[in-house]
């Protein structure tokens, strides 16, 4: 990091915020995780329901889907409640599609049986990175929901394939930095969300030049940061779940 | 209480659940209170915005309104997200209208100036009594929002009139009981929601016979329980706000 | 009544408006009643349909539901047509839920067979008390619909349990008065809607302090007025249906 | 008429049903007319509002528009409430556009001033011909609304141009017949709605072959019937309004 | 035509614009026709799907329906996308209902089998007469869809009854003219859309007086023009389909 | 390319489909381009309107936005019309947000003046890559719209910054291939959409692992293909616009 660039949070360029994963945060959901990336707090509830969507019926497989929402005052100024406006906005739909695709990569749907697991990611407090926190926490909730299915003997084999985590990276004042909080995110030139497997491979890469454009070498520098963070996030997920590395 | 009737929670007939009011639960809202009535947890965020709805413009007064929502898995089984279904259900609208009317009774709108305070009540976990918890916690969040307006010198006089709280009462197995949790609520013959001022007067009374009907004397027995609970709830509100009784 | 308070209609404090119940007002519905509480006119059409909502199927019972609407110019100034605005407002949903719950108290659903009776209450002209008129007239239409089912031998036993009626009461200029018309309703401090069985027990009690609050003794004075009116409304219902008291 | 064809109502081929126009049917609207074409009953309320739609502002003219609705049980079997379904159907929109265009032909919008008159046509009971009854009765309500504007001295000159009426004609069992009721309408090969000026000229002609097709000579026979009926309808309108022919 | 009236396009009063019917315009639809009436260009795609709407099931017949849309910039100024506004406008619904009824007159639904053919008419460029172009081109696409069903041996008998075409006629500066383009249409006193069978009989006649009214003799003059155009349009349809007259 | 992998279209791994850009495809829009990537055909209409969205007013800048739609039968089987379903789907919103962000990178909004340019991308025929075709063609339409503003002297300086193009890349049977058509797209393991400036820098990178995951080296191989294609697409855009390279 260039000596003259200081992050608003004083973090090092490759430093994650404090990550916390609290399981069993609410008591009804089969998996319920409060994920915190610093001041970003998302409640991820995984719900198991028998049956699959119509277009999957009879195909002998399960389904994983996600929904995303922000409480109206999760942000600096109040934004209108989507239920009151009568529809989910484009940003919401885009994010929940991303979460759903990412979490499906964690599971072998063929081994899930005809169950649907819906992972609701509701943002209690937003400070940048809500979609990457949702994926990272949602995957832990998903594991708990699968364990529930196994404990209740509703499925026989283990459908879990691999842990999935996500992090944002960006170019802030010309420097690639990891895990942007809102003050950085709102000023970053480029914003990249990276979803990774526990093996370090890529599931989703979504990069946007908010201002100007970015080069191949900048992209690579950002991906390097994400790759390193992936290992750390995996550690947090395993620790929360009581899995030895 | 008849000796043969035991509440599922083993509480006495006139016993509230554990009440907790946690202020500053999130950091963006001008007032942010997590209210807990036992396992019922509602996040009440009060947001201050300059201006009033169109039909109040130029009338030299402010406005208080409320919105209510349930996270999809706040309940035993997942209920569809209202934003995804494209509209708020009748129960939601009925509850948020009740909360709004109740909180307006706490404030002299003429002294509020042309500000709107919106109190968002989002149910994190439901175990009966979400509307009464919302009013009780929402009033504390409202006080914090008014204090913010005063601290920021946006209003000169104090628009706060009186504290408002609410509690449910019902007839469970023939016995009037206070502050129903879900196991009681789902079996109660009659359900009464009572909204009260700090002086013990009534703001709203909504009684419904789920099965059969109820008599005037049963109504009075329920109101007696509510009256007593009103004083206790007021104590919790004052203590949370650091007000001496 | 205090000698200095005169009701806009010159009625005594405990005096109902002229009540009229006209059966067979339209010819297609199984029950069709025009109910008039003075200048408030509501057409209550009860429609019988085979089958029950999905969540009741196979439970060997019937269902009663209600829908409520106002013609756009039922009121002093035209209000937008809900069908054109694309949704029913909160007030409409709140009222139709109240009517539905009240009318279900009149019927033993287990004896209704797998039929749904929908009671449409459409306000032709509004002058206060449309929801209480709807319940009072809707119950008569419901009886006609049940008689139709019996006459057509679609059900064997009689599912009718008890007549249900409703009336509003309020505190107008400090005095409890019965059956508020619009000029009173718009100035009342407190408004109470009471739904009663033919035995004088309570089905629904919904009281709202529009300004200030109300005491237990005021509540009792209002309930006394409602109780007395219940007997009169029952007489009107019985007379319309040709039932001897 | 061929001797072997008998209309279900026993009417002659060129015979209208009983036409009734009752003014001041409700008390709030500036014009309120219940129009009856036999068993078809439509309440036509004309509402005057200051102002015009955005696209007409500043053009120094007024606007006439219409809305149409059916009470859910105006018909043989109950049809879903459009407000509850969340939108007006295609048939509804088609009919209200027709009514609006027809009524605009009655008025010189330039002389109306910046007022909007909305004519709500709500079908209380349907037995065929609801759109033609709506136009015929709506025009009388419109005249009353214009008279209100003149009486209140809100406009100076008289914007009324000409009376407008409408009637349906059809080919029933091969014979052209006037003013179809539902039993005829549901079996007619061809259905023609004709909107006419008091001078006998045409405003709208909408003919549909429900089965097969129709010839130019059949069209002319139907138009002959409509022309004759136009004079009769005009008489009814004038009589209701107290105008000497 | 009166010698002093010149059409903006310099066409004779009874002259159609250049008509072009291009089959197989896109490659997925069973019938795909680009129809051009001068500068009006509509893509008509006929899609075959197994099954019929719920209300036709088990009745041993097929169904033909149509949908209509305008690309947002098909017109002089951009109009909002209906999908973004959340509903189809009244004009759209009115037109697609007209197209559907017209095309059903071309087919014996009893011989179609339980198939639904949906004809999508999407306006690429508008210059007046989009609905009549849609019907004329849609009928050719429909024939191709039926031929597909026969070629694939999904139906045995031939459900095609007759070709259907449509044209607009109007009174422009007092003169009846054929096939109005936008400059004429926007100034015409009267606008008549005529849908005809190949035998010259009438399927739909929709005439509207945009200003003033029209007489029976004007109606006849317009129908004469339409009748003549019907033969020409039929020639174009047959030629496109390779049918000898 | 591995010798054993043959693309369905027989193209080389780094070979684009036939690219065609037809300007002035329709006559009303300020910029109107039909873009073809092989059998994928998208009509891109750029519309200029005075004014900017509310949240940009008074900021002395312009705005570029995009809307995307598919004709119902652009695809193998008919998909429901979004206007009829009452809302745009998540995929549609995601794509039009991508197109809008990408095209804004082509323009200096500060120099655009208070004009909004809306680029409507309507898919006439789909065969994979509709979003990348939309961006590539939309940018040409955007240039024409800007030229219109300059020609009409509505803006003084040139707001155009750089040409923007887009292409999809994927891993098909283990081999990185360029510009996927539908048969490849539906079977690809990984799908990457790349939006580039004329200088070869990146605007958007959106990669998704449909099955499994992808490595950093696979990502780089795909980006190499996209980079090369960017130059070719730029040539097509310049040629269409008559710009010498």
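We just call them A, B, C, D, E and F in the order they show up, numbering each chain from 1.
In this text, a contact is a pair of C-beta atoms (placed from the backbone, for glycine too) under 8 Å apart; a residue touches a chain by one contact, two chains touch by 3 or more.
According to UniProt, the chain labels map to these proteins: A, B, C, D, E, F = Ribonuclease PH.
The structure presented is a predicted model; accordingly, all values stated were derived computationally and were not measured.
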Applying the touch definition from the top, give me the chains sitting in contact with each of chain E (Ribonuclease PH) and chain F (Ribonuclease PH). none
Going by residue numbers, if over half of the contact pairs line up, that's a repeat, so tell me which of A-F, A-B or B-C repeats E-F. A-B
Need the CA-centroid distance for the pair chain D (Ribonuclease PH) / chain E (Ribonuclease PH), whole Å please. 28
Could you grab the centroid distance between chain B (Ribonuclease PH) and chain D (Ribonuclease PH)? Build each centroid from C-alpha atoms only and quote it in angstrom. 51
Provide the C-alpha centroid distance between chain C (Ribonuclease PH) and chain D (Ribonuclease PH), rounded to the nearest whole angstrom. 33
Where in chain B (Ribonuclease PH) do residues touch two or more of the other chains? 86-87
Could you classify the connectivity of these chains, where an edge means two chains touch, as line, ring, star, complete or other? ring
So that chain A (Ribonuclease PH) leads and chain F (Ribonuclease PH) is second, what is the order of every chain round the ring? A, F, E, D, C, B
Under the touch definition given earlier, write down the residues of chain F (Ribonuclease PH) that touch chain A (Ribonuclease PH) in their complex. 87, 90-91, 93-94, 96-97, 101, 105, 192, 197, 199, 201-209, 212-216, 219, 223, 227
Along chain B (Ribonuclease PH), where are the residues that touch chain A (Ribonuclease PH) in the complex? 26-29, 32, 39, 41, 43, 45, 47, 49, 67, 69, 71-78, 81-84, 86-88, 92, 118, 120, 122, 124-125
